[in-house]
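All remarks here apply to the structure that follows.
Chains: A, B, C and D, in written order; residue numbering restarts at 1 for each.
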Amino acid sequence: MGILEVKGVNKRFGGLQALSNVNLSVAENSLHAIIGPNGAGKSTLLNCFVGKLIPDTGSVMFNGESLLGRKPHEINQMGISRVFQTPEIFTDLTVMENVMISCFAHRDGAFRLHPFETVAHETDIIEQAEKMLLDVNMADKRNMHSASLSRGDKRRLEMAMCLAQEPRLLLLDEPTAGMARADTNNTIDLLKEIKEKRDITMAIIEHDMHVVFSLAERITVLAQGTPLVEDTPENIKGHPKVKEAYLGETV
Amino acid sequence: MDAIILQILNGLDKGSAYALIALGLTLIFGTLGVVNFAHGALFMIGAFVAVTVQRLLGLSFEQIDPDKTDFLGNPLKVKMTYVESWFGPEVGGTIVDWSVPVAVIIAIPIMLLVGYVMERGLIKHFYKRPHADQILVTFGLAIVLQELIKYFYGANPIQTPAPSVFKGSFDFGVLVGFDPNAIIYPYWRLVYFAFAAVVLGGVFAFLRYTTFGMVVRAGMADRETVGLLGINIDKRFTIMFGLAAAVAGIAGVMYTPILSPNYHMGMDFLVLSFVVVVVGGMGSLPGAVAAGFLLGILQSFASMNEIKSLIPGIDQVIIYLVAIIILLTRPRGLLGRAGVMED
Amino acid sequence: MSTSNFTRRGLMKTGAATGAGLALPTIFTSAASAFTNEPTGDTVTFGFNVPQTGPYAEEGLDELRAQELAVEHINGMGDGGMLNTFSSKALDGTGILGKKVDFVTGDTQTKTDAARASARSMIEKDGVIMINGGSSSGPAVAVQALCQEAGIISMAGLTHSNDTTGKDRKRNGFRHFFNAYMSGAALGPVLKEVYGTDRRAYHLTADYTWGWTQQESIQASTEAIGWETVNNVLTPVGAGDFSSYITPVLNSGADVLILNHYGGDMVNSLTQAVQFGLRDAEANGKNFEVIVPLYSELMAAGAGENIQGVYGSMNWNWQLQDEGTKAFVKSFGEKYGFPPSGSAHTCYVQTLLYADAVARAGSFNPCAVVEALEDFEFDGMGNGPTLYRAEDHQCFKDVLVMKGAENPTSEYDNLEIVEITPVEQVTYAPDHPMFGGAEASLGECNDGT
Amino acid sequence: MKLLGLSAKDTRFLLIVIFLTLATPVLLQPFPENSGLATFNAGYPDLMQRFAIFGIFAIGFNILFGLTGYLSFGHAAFLGVGSYTVVWMYKLLDYNVVWGLPLAVVTSGVFALLIGFVSLRRSGIYFSILTLAFAQMSYNLAYSVLTPITNGETGLQVYRSDAQVLLGANEPTSPHFFGLVMSKSTKLNLGDWQFTFNNGYYFTAIIAIIVFYISLRIFRSPFGLMLRAIKTNQTRLNYTGINTRPYALAAFVISGMYAGLAGGLMAAMDPLAGAERMQWTASGEVVLMVILGGAGTLMGPILGAGFIKYFENIFSKINDQILQGWFAWMPDWLSGLLIEISHFFVGKSWHLTLGLLFMLVVIFLPGGLVEAGQRIARLFKKKPPEDKDPGHHPQPAPHVAE
C-alpha cells in the first residue's frame, strides 16, 4: 500500500480525454517520477492530487484518506506540498517572510486570528525559518526582497517553504523547467540532499530525462492520459513502449 | 399587455444606451487591458459636441429692434443667426433644426482625435501599471474633463432638441393590432434604438469581417502571440481606443434630445456602465451588449407601479440586485472568461 | 464669471484695520464672549453657504452674486438697491451698527454633510455671525439645526419643503422662501379656473422628503377643487431617463400629470413627457395637461420650449412691476448683465432682512435678532407686504402663479406671471398637520453661551 | 525605547504620530489671523476633527486594500451605518457618545460580515463591483424607502420629541463624553495667532491614536503577514495550507469596523447623519485617500485623508474677494488675469485641481505622498535614508489582466 494511491481516474475536458483509467501507487519514502511527452496528462494528474481539479471518476487516496472534493489548503494541511513549474513565491515579501508564512501555516493551521501577536516575537518560528534557509543555502539572503532573487534562488526558496511544512509528500512540477544546466544540477543535488536528510516521499513530474534518471527510484510513463509502464529507471531506459511514446522527442 | 410592451420598448431604449457605453468600455478593456474610468466622460464630451454644434449653428449677430424693450427698458436687441442670414431662413432654419444629426458627423472625427490623444498621451503609459493606478488616473482625468466642461458650459442642463421632424410620437400599437394610443412611442427614441442597433452591428461586423478586426480579436485573446507574429498590435489598439471613444461620443450626441446634457452625466453613467460590463463578463463584447439590454429591460419592469407596490423601492436597487445575483451564480458574469481581472 | 470690482480696495482697508492684534497672550474660553462669534473689530462677517459644485451650482452662483450685491448695498456702495424701497429705514448704508460687512463663502455641494461641514468651518474658522443661502431643503434643514446648536442665525435660501418651517423649524432659523403648501394653495384656484373641477391627476414624485411634502400639499389642494388623484409614483432622484414612469401615465385614466420634481430631474421628466406626446394627447375628452408646481429659472431654461403653457408657482420673478423689484433688478442687471433669479432674490432679501434686524435690535446677539425678526412686518422687498411669523419663522407674502411663455422674446422671459395670489389665500395655521402639527416647536433661542 | 510591544523604531514612529496629532491645533495654524494667508490655516475644530475621522477611515481601509489588495468600492456604507447607529442612540438614550460609539463598531462589523461574506466569494473587479452594488443599494434605500429609519435627504437628527430615556436634568444637549462636551473649545491668543483646542478634536485624536496603534500591531502581526501574502500570491498561500477567505473576511470586517467607528465619530462631532455619506463617491474618496497617500504604508492613508480634506475645505473657500485681496498690489490687468486663471483651480473649481493632482501623483508618484516624502528625504541625505515609514514599500504589482 503506497502513501498515494490513485485508482481508475478519468478526466475529460469537453471532447478531450485528458486522463483515462489512471492507476498509480507511490510508495512511502520513495522518489517517484511521472514522465511523458507533452500533453500526456502529467499536469492534469498532478492537479487532481492537490484539489485544483476533481476527477470525473476514480479515487485518489493519501495515507488512506480520500483527497477528492478537498480544497487545496485542506490537502496541504494533510501533508502534501507542491513546487510549481514557475516558482510561486510571495514576491512582495522578503525571503525570510516567505518561509515564515509556511512555518506559521504548519504551526497554526489553515486559519488563526492573531492580530495582536508580533511576528518579531515569534522566536521559534524565526528559528525554524532560519534553519530552513540554511538547509537550502540561502541564509545569507534572508532579508532580500524575494522578487529580486535569481530563478534558481526562487526555486530554492520555494523548496524551503515547502519543507518548512514538513510534508509527507512533496509534489514537484518540472522543478528544473527553464533552468540553465548548472542550476539544474544544483537543483538535483538539493533534492538528493533533502531526500537523504528526512523521511519524505517525492513525486516529480519531469520533462528532462537527465533529471529523472539522476533522481528517480521509480518511474511511471504516461502517454495520452494513460500510464504505459511503471518500473525502475534502469528498466524504463530501454523500454520499447517508452521509445515509441517519445518518438520524435529527444530522450 | 400594452404596458409590458411599452416597458420592453423603454428597456430596449435604455439598454441601447447602456450597451453602447459598455461596448466601448469592454473594447478598451479587452484590447488594452485598461480599466477606463474616463469612459463616461467620453460619453459626456460627445453630448457636449452636440451642444457646441447647436451653439455654433445658432451663432448670431444682434439687430436692434426699436419697437421692443429688454428687461432694463433699453431697446431690445434681436438675434439673427449667421446660418439663417447666409442660407436664408428656410434652409438655414433646417440646418439649425438638424443640429443633433449634424453633430454626429462632426463628433466622429473629434472623438477619434480625443481618443487618440488620450491613448497616446496618457493611457499608453499605464498598460503595465496596476489596475488600481489605471482606475485612479482615469478617474482623475474624468474629474478634470467634467470640471472643464462645467467651467465652459455651466452646471445647468442644456436643452438640445431633436429635429422637429422627429418630435412627437408614433402610434406603435396600431401597427401590431392594439387600440390607438395604447402604445405610442417618441420618434426620436425609435431613431435612437435603430441607431444603436446599426452602431452595434457595425462594430461587430467590423471586428468579424475585416483583417483589422481579426487581428484585434486575436490580440484580445492573446496579445503576446499576435505581437510575436510581427504585427504592430499597439498601433491597432490605439485605433481601437479612438473607435471606442467615437462609439461613446456619438452615443452621447444622439442621447442629448432624450437627456438634456449636463456636466455630470458622465459620472452618472459611469457606475452603471461598469456594472453592465461586469455583469456581461469583463472582456466579452457580446456579454456587454446582452447585459446592457438585460439590465435596461429589468430596470424598466422594476419601475412599473404593479411591481413597485409589491416591493417598494425596487426600481432604486434592481440593477445592483441583479448584478449581485448574477455575479454570485455566474462567477464571471454572463459571458466572461476565467482569469480576467480576478487578481 | 462675475468679478466684483467694488470690494477690492475697500476690503484691503478693512482687512488692515482688523489687524490690530493683541500684544500679550490672553487665554479665554468661548464662554467669555457674550454670544457666539461676537464681532469685536470694526467688521462683521456673514457666511454665504451655497452650492458651488454639483447640479445646482448655477443657482448657487446666482445666490452668491445677489449676496455680494446685498453686502455692497449695506456697506453703502452701488445704488443701494432695495434699501431705497425697503419699508424699514434702520440701515443707512454705513454697514451695520458702525461695522462694515465682510463675507466668506462655502460650498454646500447640495449635500447635507458637505453643507454642514462648510457651515461649521465658517462658524469656527471665519467667525461668521449668520449663514445665508442654499438651494435644497435637506441641507437647509441641516444647516438651520447646526446654527441653532452653534448659536448663530440661519437665513435659509431656496428651500421649499414644508419641513424647514414645519417639523424641523428652529428658533435661530428663518425662511423667506415660500413652501410647498403655499404652492398648492396658490395653484389650486388657478388650476380650477383653467382646467375645471373634473380632472384626474397622476403624480410623479421625487423619492425624498421635499418631493413627498410637495406631493402631499399639491394633492390636498387639487383634491380641494374636486380633482381626483389617480396615482402617485415615486421616482428615484437623478433617474435621468423617466420613460418607464411616463409611459403608464397615458393609459392610467388620468388627464393631468403633476411633476413633483426639481432641477435636472424636472428638466428631464418634463422634456420626456412632452416627447411621449402627453401634451398633444387627449384623455377623458380633454386636453392632457402637465403641471410643474415649483418653477425656477434654471429649470425653465433647461426645459426650453417644453414649458410653454405649463403652470407652476414661484416665490418671486424679476418681471414683477413693484418698486422694490424694479430697484433690485436694476442694480443686479447693471452689475451682472442679466436679470436675477428667484433664489438670488431670496438670498438678497434675507441678507438685508438680517442686517436690518440687527440694526433695529441694536445688537448682533442672535436672540435680539430673533426678537427683532419675529412678527416683523415689512414691504418694498418685491413681494408686497410681508410678515415674518413668530410661531414658525416663515415669511407670509403673495405667491406667484407662473406659466411657460408661449412666445418668449429672450432667454429671460420664458416664464410669465399669471396671477399674484394674495397672501391671505396661502396662509395657514402654525400647527397645521403638514407642518408638524401641534408638536412642532421652535425651541429656545440659542446665543451660544 | 520600546513600548507596548513595539520595536524601537515603531515606538519612535508612534511617538512622532502622537506628537503630531496632539500638536495639530498649533501646527495647522501657521499664519497670523489677519494675514492674507490666514485662509490656509486649517486649525479649526471641524476640519481637525475631519482629519482625525477620515484618518481613521483611511487607516481601516488600508488594512483591507493596502494589505490584501481587495479593492472595495462600498466602505462608505459602513461609515453611514456607524453614523446612523450613534444618532439613534442619541434619540433613544441620551447624548453621551459612550453608548453609540461601541455599538457603531459592532453594527458596522455585523454589516461588514454579511456583505464581506457574500462579496469575498469573488475577487478582482468582480469583488469591487459587488461591494459597490451593496453600498449603492444601501444609499438608495437610505435616501428614499428607509426614510423612517434614516430620515432620508434631511439626515437623521435628534428631535425634542425623541425618547432620550437616560437624559438627565443637567445633561448637555449636544454630544458629550460623560459631560465632556464635544463642541466646546478653549482658545489661546498668542500675538496675532489664535489657537483652538477643541474637546471633540482631542477625543477623536486619542481614538485615532489608539486605532493607529492597533493598525500598527496588525501590520506587524502574523495576521498582517498573511494579509500581505494574500495580496502577493493567493495561489501559493492556498498551497501552503492557508484558507485565505477567513483572513480576507477578517480584514474586511476590521476595516468595516474602522469605517463604522469613523462614521460614529462623525455623528459624535456633529449629531446628524446624512445619507450622502454612503454614496459611491464617498467610497471612492477613501480609495483616493489611501492611494494618494500610499497604499500599504502606515502613514500614507493619514496623509492622503488630510490632503483631500484640506483641499475640500480650504481650496473651495478661496473666492474672488480673497483673490483680489492677494493680488491687490499688482497692476489691474495682471491681477485680473491671475484671477481669471485662478478661477480654473480654486473656489468652485477645486475639483479640477484635485483631479489634476490625482493624475500627477498617480503618474509620477505611484507610491503616493509617502514616496514623495522618501524621495525628498533622499535628496537631503547622502547616505541611504532610513525609512520614514516603516511600513513595507509598495511594489509595482504585475500587470494582472493577462
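Simple rule for what comes next: contacts are C-beta pairs under 8 Å (C-beta built on N, C-alpha and C of every residue); 3 or more make two chains touch, one makes a residue touch a chain.
Keep in mind that what you see is a predicted model, and the values were worked out from it rather than measured.
Asks: Counting one step per pair of touching chains, how far is chain D from chain B at the shortest?
Replies: 1
Asks: Report the most central chain, judged by the distance from each chain's C-alpha mean to the global C-alpha mean.
Replies: Of the chains present, the most centrally placed is D.
Asks: Identify the chain pair with more contacting C-beta pairs: C-D or A-D.
Replies: Greater number of contacting C-beta pairs: C-D.
Asks: Would you kindly tell me how far, in whole Å, the mean C-alpha position of chain C lies from that of chain A?
Replies: One centre to the other, that is 74 Å.
Asks: How many angstrom lie between the centres of chain A and chain B, each centre taken as the mean Cα position?
Replies: Spacing between the chain centres: roughly 52 Å.
Asks: For chain C and chain D, let me know how many angstrom lie between their CA-based centres, rounded off.
Replies: The mean C-alpha positions of chain C and chain D differ by 34 Å.
Asks: Suppose each chain is reduced to the average of its Cα coordinates; what separation in Å results between chain A and chain D?
Replies: Using C-alpha averages as centres, the distance is 45 Å.
Asks: Enumerate the residues of chain D that touch no fewer than two other chains.
Replies: In chain D, residues 140, 144-145, 343, 351 touch at least two other chains, as defined above.
Asks: Could you list which residues of chain B touch at least two other chains?
Replies: In chain B, residues 313, 316 touch at least two other chains, as defined above.
Asks: Which residues does chain A have that touch at least 2 chains other than itself?
Replies: none
Asks: Go through the chains and record each pair that touches.
Replies: A-D, B-C, B-D, C-D
Asks: What part of chain B is in contact with chain C in the complex they form?
Replies: 2-3, 6-7, 9-11, 13-14, 17, 68, 70-72, 76, 150, 154-159, 161, 167-169, 181-182, 184-186, 188-189, 257-260, 262, 264-265, 268, 299-300, 303-305, 308, 313, 315-316
Asks: Given the complex with chain C, which residues does chain D contribute to the contact?
Replies: These residues of chain D touch chain C: 32-34, 36, 41, 44-47, 50, 140, 143-145, 147, 151-155, 157, 159-161, 174, 183-192, 196, 270-272, 274-277, 313, 316-317, 319-321, 324-325, 328, 336, 339-340, 343, 347-348, 350-351.
Asks: Name, in rising order, each residue of chain C that touches chain D in their complex.
Replies: Within the complex, chain C touches chain D at residues 1-4, 7-9, 11-12, 15, 18-19, 21-23, 25-30, 52-53, 57, 61, 103-107, 111-114, 116-118, 120-121, 124-125, 136-138, 141-142, 145-146, 149-150, 163, 167-168, 207-210, 234, 236-237, 439, 441, 443.
Asks: Could you please specify the touching residues of chain D with respect to chain B in the complex?
Replies: Residues 69, 71, 118, 121-126, 129-130, 132-134, 136-137, 140-141, 144-145, 280-281, 284, 287-288, 291, 295, 343-344, 349, 351-352, 354-359, 362-363, 366, 396-397, 399-402 of chain D touch chain B in their complex.
Asks: Which residues of chain C touch chain B in the complex?
Replies: Going by the criterion above, the answer is residues 53-58, 207, 231, 233-236, 238, 240-241, 243-245, 247-248, 250-251, 264, 267-268, 271-272, 275-277, 280-281, 298, 301-306, 318-319, 329-330, 333-334, 339, 409-410, 412-413.
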